[in-house]
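Structures follow.
The same subunit A turns up in both complexes below, where it pairs with subunit B and then with subunit C.
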Partner chain A sequence: MAYAVLQKGRFDDFIVALAAQRKVMAPVSKGYGHFEFEEVRSATEIALRYIPTILPPKKYFMPQRETILQYTSDSIEAVVDFDPMAIFGVHTCDLAGIQCLNMVFSERPKDYNYLVRKNNIIIIGLECGDYCDQYASCAMMNSEMPNGGYDLFVTEFDEYLLFHVSTQTGEDIVKSTGLFETADASHKSRLAEYRKKKKSIFKKELPIDSKDIALLFDKCFESKVWDELNDRCLACGNCNNVCPTCYCFDVIDEPALDLTSGVRYRRWDSCQLETFARVAGGANFRENRGARQRHRYYRKFSYPVKKFFRYFCTGCGRCSRACMANIRLKDVLMDLIKAHPLDNA
Partner chain B sequence: MNRQILKSSHFAVERGTIVRIKTLSPHEKLFEIALPGNARLNHDPGQFVGVSVFGVGEAPISVCSSPTKRDTFDLCIRDVGRVTHAIHALKEGGSLGIRGPFGRGFPVRLLEGNDLVLIAGGLGIVPLRSLVQYVINNRRDFGKVSILLGCRTPDEMLFGDEIEQWNKRIDVHFACTVDRAAPEWHGHVGVITTLIPGEMLVPERTFAVIVGPPVMYKYVIGELLKKQIPDRQIIVSLERHMKCGLGRCGHCQIENLYCCQDGPVFHYDEIKHIKEAI
Partner chain C sequence: MARPKVAFFDFSCCEGCQLQIANFGEPLLDILKLIEVVEFREVMSEKYAGTLDVAIIEGSINTTHAIERIKGIRDRSKVLIAMGSCATIGGVNGIKNAFPLNDIAEYVYGGDSEYFESIQTMSVHQVVKVDYFVHGCPIYPPEFVAVLKAVLMAVPYDVPDYPVCVECKLNGNVCMYDRGVTCLGPVTRAGCNAWCIGNGNICYGCRGMVSNPNEKGSIDVIRRYGLSMEHIINKLEMYNKCRELNPHG
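Moving on, here comes the complex of A and B:
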């Protein structure tokens, strides 16, 4: 395990040095308790203590809108747009979200648009020592601790930042900036202490074992909980848009003014919208909002378990923060737990 | 921002040329398409392609000719909306974007040696035609073959000339029915289930293939199960909204299945527990 120490007094030098190599994206305060990942040039712009950004770093891997094809009257070319960058300050829940997307897009048939961008992004994680707010359920989803998926990972202490160097790319950054000291036993024991304290703070948020959530979902497809959501959900799609593991998209053509050339792009779509599953002839396979809400929950806690052997919820809490109808993921899960007790519980 | 050409992208589209257009009805046209250099599409019956009119968009369309026809392939398209309307406006010699083929087609290898009951309702004849043509072109490899068609009225029946040929063959049993008809109609009137052969059917060696509108599946499958056909041997092709054909955009999802990749063709035993399927 390689660790490196950056004195806080050198943090700004580090960001400036990194920004000289490539674009640096980091959490920035937008006021009213909101944060967003944006390009930064110095450390002063960065919010080291932040709650999950409105949009997850997914937006750099799978942009809200991206060109996938360009055509003229005599050529059609599939294309990818990318920007080499480093994302600084990715929380552990969002690292888990990126790991989910990596699985989805590297499965065959591979999505080269995603993979080209992924290969041009350096990831620097950032540890949370305490809960972001009451909406987070990262402990239940096992994403409160770093679990790979980064080049460098930062834990903040009063006087310094401790970097875990996980990849050669991370090591090259540490070396090239020349700002780091090597970590010694005292740094590592401080980290161990920090993690011990953290474990006493982060407790599974609901009375269910993580592994049992999939069993719960085996039982609750016909639950009345979905009927109740049917009456409350506004079908706005906010919950999809802010989720780090939602990846549905729409594909749209945009002709240029000459009408013979143009582009085809994909953009984020939402399974909560009424038209999402409607086909020609008018049949709609998830006509009511309850069925669509159920679909969203099953896409987090059931279907991906069958396909990827992991949950596609990181517990980041974004969907709960973004819902105008006050639908809270933890409450929905709690209602399901109460309505469908597991036999062994 | 850097832009790079992605040769291996699954969004890459080939330019297909429209060799021939045949008007089948006021809403449906048959397009015969050639790929550059008459390259083979190399599809299985039941697979589909993404068909593009650039500037308008792409729609999933079943390949409705058999792979035994090599230089060109057929698409039968109903004019229902933006993309399909733009396709209908094209002329012979014009070009279309083609992506695919996608999905899992009919399990032709499994069907070999067995008796087949092929059932189509309405537009279902379109994807089924690729299988019928394939079976007829390799007729010796299959047991008894019945083709049962149903539609609302006689003039909605597509591929009339071709169906007439099937009807004349001594090696297929053919029947069709309509929901309602003028007095001059000599065929059956009534629901399609009445056409399913009774005593001559040997359930263990019969495969039934059903393609039709969503409402049709439930009662046709019910009838086939009553006739003791094992659920593994009942095969359906499902339609869903599709945007990618790659198992990602999410539009075609049926619970944990992706219709575009896991289907559109399914064995009934794979989907009978899936409530969103039929």
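Moving on, here comes the complex of A and C:
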């Protein structure tokens, strides 16, 4: 386990040096207590303390709108656009989100657009020593601690940033910038202390064991909880669009003004939208908003467990923050827990 | 191939949508390579009485004369496009329908009101068949171009039937509800790329509602912001009053 120390006074030099090598994306304040990953050139632009950004860093792996093909009247060509970059400041919940997407897009047939982009992104994680806010459920979802999926991982202390170096790429960055000191035993013991304190802060947020959530979902498909959501949900799709693990997209052809050439692009889609399960002839397989909410929850806590052996919720809380109808993931889960007690509970 | 003959007609409206097109700038030149504009009062004096490939209608219908006129245009047009909220959903002109017609006529024309006939405001599709819709107050230029391309290729144009929130979120905006103000984005159909929110304003619902809005849920949400029921209804009806009349034409 290699660690490196960056004195805070050198943080700006680090970002400037990194930005000289490639684009650097980092959380930036957007006002009203919200943040978004954007390109930065210096450390002053970066919010080191931030609640999960409006959109997750997913947008760099799988852009909101992405051209996948271009055509003329006599040619068709696949397009893979990518921009080498480093994303600085990815919280552990979002690292978990990227791990979920990696599994999805590595399945056959592989998604080359995603994988090429992923191979050109350097990830620098950032630890949370305390909860971002009351919507988080990262402890319950086991994503509050670093668990791989990064090149470098930063833990902030008063005077310095401690970097865990996890990959060769990470090591190259540390070496090439020439700004780091090697960590000694005192740094490591401070990290151990920090993690100990952190364990006392982060406790599973709801009275259910992580492994039992899937069992709960085996029993609550017909729950009244979904009916109540039908009345409240506005089907705006925000909860999908901000989620780090939602990966559905729609594919659209767009002709140019000459009407013979054009592009095919894909754009994020959301299962909460009226149109998502509407098919030719006008039938809609999930016309009821409650059924669509149920689908979303099953896509987090049940179906992926069967397919990928992990939950597709990182506990980041974005869906709760983005819902103007005040539908909060923790509340919904709590309602389900109460309405459908597990035998062993 | 001869360029299709296209004419613009205005009914009750502010002509702001025609102005949007006149203001297109350079893309307009590319568009004019594809179509032949034979009538467009905003920018030219010529009139055209023959058969049209495409009629583009701005404005809502609110006199019997307008009904006759729009039927005549429909009869001689192969394709008819409704352009702008007044034409596509009745728009702000629909507010009139919230009051007794006589009161409204008197308010506007005073003692002369008996000389002016007044009927309820209707969108174009509530009177004649509309083939394509370009929603918005004013229209969003990129969408107009997308619709025009669909017309020229003789393929349908699907107006998004999901809310403005989708485009708003994809643009990474801070939600208006997090800025302490209400926004009609969740019940309003997308297609404008969340134009107003991107420019720091709320959504007023100018593109009309999605096909299955959760009106009760929306009212609950807006009510939390301390607005009176009357204010909420006014907000929802500013552009959408004509919905009550035969919404599907």
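By definition in this document, the second predicted complex is superposed on the first by the 345 of 345 C-alpha atoms of A that agree within 3 Å, B and C clash if a C-alpha of one lies under 4 Å from a C-alpha of the other, contacts with A are read in each partner's own complex, and residues count from 1 in each chain.
Keep in mind that, in the parts below, a residue touches a chain if its C-beta (ideal position, glycine included) is under 8 Å from a C-beta of that chain, and two chains touch if they have at least 3 such contacts.
Just so it is clear, the structure is predicted and the values come from calculations on it, not from any experiment.
Residue contacts after overlaying the shared chain place A:Asp331 against neither subunit B nor subunit C.
When the two complexes are overlaid on their common chain A, residue A:Asp250 makes contact with subunit B while staying clear of subunit C.
Number of subunit A residues touched is higher for B, counting subunit B against subunit C. In the superposed pair of complexes, A:Leu259 makes contact with subunit B and with subunit C alike. Look at A:Gly31: by the touch rule set out above, it reaches subunit C but stays clear of subunit B. In the superposed pair of complexes, A:Asp212 makes contact with neither subunit B nor subunit C. Of the residues of subunit A, those at positions 254-255, 259 touch subunit B in one of the two structures and subunit C in the other. Interface residues of subunit B, counted against subunit A in their complex, comprise 1-15, 52, 54-58, 78, 80-81, 84, 97, 213-214, 239-241, 243-244, 246-251, 253-256, 275-276. Per the touch definition, subunit A reaches subunit C in the complex via residues 30-34, 36, 54-55, 59, 64-65, 231-238, 241-242, 254-255, 257, 259, 267-268, 270, 273-275, 287, 289, 321-322, 324-326. Across the complex, subunit C meets subunit A through its residues 27, 30-31, 34, 145-146, 149, 152-153, 160-163, 165-166, 169-175, 177-179, 183, 185-187, 210-214, 216-218, 220-221, 224.
Contacts from subunit A toward subunit B in the complex involve residues 67-69, 71, 76-84, 104-105, 107, 109-113, 116, 221, 247-255, 259, 262, 264, 266, 269, 271, 276-281, 283, 285-286, 291, 295, 298-299, 302-303, 306-307.
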